[in-house]
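First chain A sits with chain B, and in the next complex the same chain sits with chain C.
And now, the complex of A and B:
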């Protein structure tokens, strides 16, 4: 990587880690969501940096645009207290448990990535968005149609689950 | 080290942070946020592998798009479940809904 690329990479990495830390530790759920949004922006920046602009824009559209709004709805609809009863559990064991959940997969996967690095190339692949569209309608039609069915089923299921008849109470 | 390894480190870190939150959070919304972090780590790892190794980049990028679609579907369903739980149990603390009853 060039020097500028390295600087930008580390900037995004810091944004991702700081946002993630805020998202999992903040006692206030709205702040946690803001941390999540910072992380999502950082990941979108990394997609841009690795020469995948379509992924970056989809990340912004789907995650920052839709999923974070859904999470905001979830915070509001669940009447979560905005002042934060959501801190870490008191006591030593929950902290140790959470740290183990963080450290064990990280240790195994990070060590694997360090000891057996994949044979990478230095220059990212160049993929035209038009090529992605053609692949979606050609080679990968079945997954594309399946994901639309999954989305439709999820949407219909969500309405069905949350629907309440007017006279039922 | 090649760029793919650095991206994989960030992705693994994101996965770890998500798992940390999944275990330590005490409300369903907090767990939902953590799951989104985890899925982002997966997407970042797949995109890095697609762009910086010899594999088919089109396949990798489409895989990341599918992960995003599944994350959206999952968030929708979690929202619906959360509405139901908060309506019936009057709380979204995970301790309050730890019991199944037919």
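And now, the complex of A and C:
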């Protein structure tokens, strides 16, 4: 079973990286979104591999089912075409900045993983949703509430932006 | 090397489900056309086979034989990915469906969540189909599909959550086992509001009339699948009928006691009976109600279903904690 696990891991890893590559390089925004969805699927597969089905299904439900569909809606409403501004080749500076934004976290994380590889870890036991809920409202109340404040701020911001546009017309 | 039992079971289940989906689509289309004929006082198909029973088989053969055509200016990758993306998740959706005490493809702890998660792919396939076709009708259909599906998913989730709260889990088989065989032991009695919300939202999610705005044939020719020929359209069609089985199957399991029957007559026959009763009522709705207007669609969801589902969920949570 260990070999099967490794094969599946590498399969998902390839899906994630290939999807990410497509999302970054494709001049067509809808195809780029497809790459993003492939990546999200790969990550959900990784969660399943780590015996966290709740997280995996939530990932699919929220990111694939809702967020990516809303992104699609945004693409459709903005009528972005492959020959528009987004399809242009970016200059030198944007490329350098994008590379730095990619390389810095990747370098730190990659170096830590290579220098201090974790000893083999057993697959953790599956946590049932009830326990997860108790932990979120017990031990981890503060981070949980902080996240909800972030979401509230985002929502308030969205409403604000929408109102400003309506007023300026 | 020995093959694990679970794997064999899943492979057999997927094969059986593929057969079920195919045969069921053939029968359901015939039933739909006959019911439409009955409601509109005309005979419906009756030439091919006894009572026109083989009409759908002939139609299916015709669909398979047609040329696959990619319209000019369409994005070929997105265009052909869409019908596949509509059809393939069907097997994942039906895998945790409790057809009978033992006739379940795979008993998943989070079966309900699995179904809800993969059901979202349907909207995505409509989007890709509408976008990839390079046709204004298709794109309009996709835009309608998105706004409809995203909106109606919320009351659907909330009404399903009410049942999950009561049972304390999301295992469909366990939820069925907790209900009794007699109608007054069903979850329907305890959660009538949730059932109505679920069924309305489910019809909207499957894009069936009166919520068939994404394909509204009188306005958008055929909406998102205008440009599809042959089996490209066939896959969308199969997916629609399979989605009907999924939503009605979930409704039967959650609210109508699934495979439980009175006098200890538990078995898949009860599940199928309830499933087809729900499917028939969906067909009945389609030929009874006119298509809903877009503003009515939004008002119904955001002003009625959503607050009702929210209140229902709060009351359920409150009572469960008492």
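Keep in mind that, in the parts below, the second predicted complex is superposed on the first by the 118 of 169 C-alpha atoms of A that agree within 3 Å, B and C clash if a C-alpha of one lies under 4 Å from a C-alpha of the other, contacts with A are read in each partner's own complex, and residues count from 1 in each chain.
Here is the rule we use: contacts are C-beta pairs under 8 Å (C-beta built on N, C-alpha and C of every residue); 3 or more make two chains touch, one makes a residue touch a chain.
Since we're looking at a predicted model, the values are computed, not measured.
Engineer: According to the stated criteria, A:28 is in contact with first (chain B), second (chain C), both, or neither; which is it?
Structural biologist: second
Engineer: According to the stated criteria, A:73 is in contact with first (chain B), second (chain C), both, or neither; which is it?
Structural biologist: A:73: touches chain B and chain C.
Engineer: After superposition on the shared chain, which partner residues are touched by A:101: those of chain B (first), chain C (second), both, or neither?
Structural biologist: In the superposed model, A:101 contacts chain B only, not chain C.
Engineer: May I ask you to decide whether A:122 touches chain B, chain C, both, or neither, giving the answer as first, second, both or neither?
Structural biologist: first
Engineer: Once chain A of both complexes is superposed, is A:113 in touch with chain B (first), chain C (second), both, or neither?
Structural biologist: After superposition on chain A, A:113 lies in contact with chain B alone.
Engineer: Tell me which of chain B and chain C touches more residues of chain A.
Structural biologist: Partner touching more chain A residues in the overlay: B.
Engineer: State whether A:60 touches chain B only (first), chain C only (second), both chains, or neither.
Structural biologist: second
Engineer: Please indicate which partner A:15 is in contact with in the superposed arrangement: first for chain B, second for chain C, both, or neither.
Structural biologist: So A:15 meets neither chain B nor chain C here.
Engineer: In the superposed arrangement, does A:38 touch chain B (first), chain C (second), both or neither?
Structural biologist: In the superposed model, A:38 contacts neither chain B nor chain C.
Engineer: Which parts of chain A are in contact with chain B and also with chain C?
Structural biologist: 54, 58, 66, 70, 73
Engineer: So in the complex, the part of chain C that touches chain A is made up of which residues?
Structural biologist: Those in contact with chain A are residues 75, 77-78, 81, 108-110, 113-114, 116-121, 123-124, 127-128, 131-132, 139, 142-143, 146-147, 149-150, 153, 168-170.
Engineer: Please name which positions on chain A make contact with chain B in the complex.
Structural biologist: 1, 9, 13, 16-17, 20-21, 23-25, 29, 32-33, 36, 39-40, 43, 46-47, 50-52, 54-55, 58-59, 62-63, 66-67, 70-71, 73-75, 77-80, 85-86, 88-89, 94-95, 97-99, 101-103, 105-106, 109-110, 113-114, 117-122, 124-125, 127, 131-132, 135-136, 140, 143, 147, 150-151, 153-155, 157-159, 161-162, 164
Engineer: Taking the complex as given, what residues does chain A use to touch chain C?
Structural biologist: 28, 30-31, 34, 37, 53-54, 57-58, 60-61, 64-66, 68-70, 72-73, 76, 126, 128-130
Engineer: So in the complex, which bits of chain B are touching chain A?
Structural biologist: 1-10, 12-30, 32-34, 36-37, 40, 43-44, 47-54, 57-59, 61-62, 64-66, 68-87, 92
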